[in-house]
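Please find one structure pasted underneath; my questions will follow.
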Amino acid sequence: MPNLYDRIQGRSLERLAALSDGIFAVAMTLLVLDLHIPTASQVHSEGELFAALAALGPQWIAYGMSFLTLGIFWAGQQTQLSHIAQGTRDLTWIHLGFLFSITFMPLSTRLLAEFIAYRAALGIYWLNIFLPGAMLYWSWTYATHASLIKADTPIEVRGSICRRILIAQSLYAAGAALCFINTGASITAIVLVQLNYAIAPRLGRQKK
Amino acid sequence: MPNLYDRIQGRSLERLAALSDGIFAVAMTLLVLDLHIPTASQVHSEGELFAALAALGPQWIAYGMSFLTLGIFWAGQQTQLSHIAQGTRDLTWIHLGFLFSITFMPLSTRLLAEFIAYRAALGIYWLNIFLPGAMLYWSWTYATHASLIKADTPIEVRGSICRRILIAQSLYAAGAALCFINTGASITAIVLVQLNYAIAPRLGRQKK
Amino acid sequence: MPNLYDRIQGRSLERLAALSDGIFAVAMTLLVLDLHIPTASQVHSEGELFAALAALGPQWIAYGMSFLTLGIFWAGQQTQLSHIAQGTRDLTWIHLGFLFSITFMPLSTRLLAEFIAYRAALGIYWLNIFLPGAMLYWSWTYATHASLIKADTPIEVRGSICRRILIAQSLYAAGAALCFINTGASITAIVLVQLNYAIAPRLGRQKK
Amino acid sequence: MPNLYDRIQGRSLERLAALSDGIFAVAMTLLVLDLHIPTASQVHSEGELFAALAALGPQWIAYGMSFLTLGIFWAGQQTQLSHIAQGTRDLTWIHLGFLFSITFMPLSTRLLAEFIAYRAALGIYWLNIFLPGAMLYWSWTYATHASLIKADTPIEVRGSICRRILIAQSLYAAGAALCFINTGASITAIVLVQLNYAIAPRLGRQKK
């Protein structure tokens, strides 16, 4: 049995949610800080300004992709927490680990924008998609195991959350593996998987 | 019908509001980070300090204008969310798209401050006013369509929100179009429209 | 009477409080970003590191003073909002004006740290204490006038809030005016007034 | 007895918690901003990229350690506030002092990453662990003294919170003192103590 102090720690899911919202908000906005714009001394006409902005292509792609990643993990964490009845200190630390991996996103985005043709940069970026996913998976299995799930959560929701993480992460891993053939193809695949999670369910729904 | 995981995602309007407040707070404060101040080595008297600060005119204008824009969109989103009874994953992603366009504001502000006489910079800035407006319009028509509006919301409020967005965006577009004549006139027009939404209703009210 | 859209805008004091907490949190933390530390190439011994840090004196003073200022205004706004029953769009925009002046604090701090012996820098810094105070005063008189104060707020609290702002601002103005004699004396006076609001009431209490 | 204004100030623990979550969120995310990545011009192969990232070792260690520190203090403050029934202005200012020391964390992390072999840098870093601990200790003894603790808080919880701070700070101080022998050993010891608070209770629990 944990000692008294550990039993009273980390009970507040509200504060965990507030800290998470804060970290996601800062990370999402900081991405932009790393975007470089041309300076006035380099540009002498409207056309040159457009050309200079277009030349920054890799950073726009890395930025858009990272916002999607952050949005997906934010939505995923929110879904989990909304089905958990109560916090514990272990759950708190699992989520702090999750948030730790989230705070790296601006850094691996910068790295990818700087080295968009390098497998090493793409591998690190993929790790930054894999690790938050692994932490969320751990969070959910821990919460199930420790009986922290809300009583009114249907049994099929429990499996659904694990399944969603496993399928998404398999797709991301497959996309990342494409970098051994071509880093451009790999990035395209990852963005398509992300867009699928952000948009496609709408299409799927309309077909039915 | 969406699959199970999509039905349980994105239900928490509280967390969406908290993420939004965080992003607006960071974006509003980051604007200042891009303001450059003179350095001690350039300035040798009180007069020179004032002159150096005054020479930074364009960045002060771009900054004030961007704070107004952010304030207007923050108030607009708050008004909408206060009339929505419940979130869905689609609504969540529409608002993540809205927030994505908001995170660009410090960037397009920096661009405008650097290239205040360029139509391209003004056009991009205008896009950054148009896109959040379009997302909010989409959010409201989606919420109406998906029956997410609170039951006690009067029917005339529904139309009022759409109308407000359409009129404001028409005025912004007209202001932005002035840049084909003169970018200074265009910026003045946009700021006047913004001040109208921030202040003028007080005047209008006192007249009645 | 305001039009329909203006009547439904800005009702949520919770979101105004959340935006304010976010802006204060970012501003308080950003102050540190502007603190420069010595680089490894300049320093070759433990003693030189201490000396290099001590040489940065003006920036530590400006930083500590700005954190105090932000803390005082955060506490002041919180006190006001806790006595207001409901928001309106005008109240929202008064507080957005207040927050606008708050976002300038990292900038005027940077300016003061760079030009600590310049009256112009101190004058701008003082403006950054005066303006938020003026906005809070306006907010409270507006709220009183528009009958937004909570019914259970004792009548003497109303006067107390106005009086507090007027006395504090008079002391700040007197402190700032000392810069015509000596900027060091002026900064000392302002810090003493701030410390009085942060700490002294404890002393006052113990005396009684 | 404090004057009227001081009695009505700082009552909202919710806003104090929100400000704290914001400051911790920004501080945790800002740490990454100071991490430098290699630039494209320095790197010509996948191997060189890995080598360049590995050469940044000290900054990764300082970063991980600081995230742990911030997580530990965030959890500690949350535990305290969850047992306090009501705020006062003195409690608010003690916590503003706590948050002030937290905002220094990105700075002392940067200093430690730049001067990882210097005792002065480690000493300042340790101060940044000691001061928040001291403020939290003060906060809890003040709250006990001023009868702000929730009525349903078991009497043994009160002692448990003080004991936890005293033991942890003794261990940190012992770890920091190792720097007189070797700064590497000192950093290792501090990280082990931190990991003990983040992870070890799980091991301890499973043994029982």
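Letters A, B, C and D mark the chains in the order given here, with residues in each chain numbered from 1 onward.
Please note the rule applied: a contact is a pair of C-beta atoms (placed from the backbone, for glycine too) under 8 Å apart; a residue touches a chain by one contact, two chains touch by 3 or more.
Everything numeric in this text was worked out from a predicted model, so none of it was measured.
The chains that touch both chain B and chain C are A, D.
For the pair chain C and chain D, the fraction of shared interface numbers is less than half, so the two copies use mostly different residues to meet.
Using CA-based centroids throughout, the chain positioned farthest away from chain C is A. By residue number, over half of the contacts seen at A-B repeat in one listed pair from B-C, A-C or B-D, namely B-C. One inter-chain figure worth recording: chain C and chain D are separated by 25 Å, centre to centre, where each centre is the mean of the chain's CA atoms. The geometric centre of chain A is 35 Å away from that of chain C, both derived from CA atoms.
Within chain B, residues 18, 21-22, 25-26, 30, 33 each touch two or more of the remaining chains. The part of chain C that touches chain B in the complex is made up of residues 1-6, 8-12, 15, 18-19, 21-23, 25-27, 30, 33, 89-90, 92-93, 96, 99-100, 103-104, 106-107, 110-111, 114-115, 118-121, 124.
By the touch rule above, chain B contacts chain C in their complex via residues 17-18, 21-22, 24-26, 28-33, 35, 37-40, 43, 46, 49-50, 53, 67, 71, 74-75, 78-79, 82-83, 156-157, 160-161, 163-164, 198-199, 201-202, 204-205, 208.
Those residues of chain C whose C-beta lies close enough to touch chain A in the complex are 22, 25-26.
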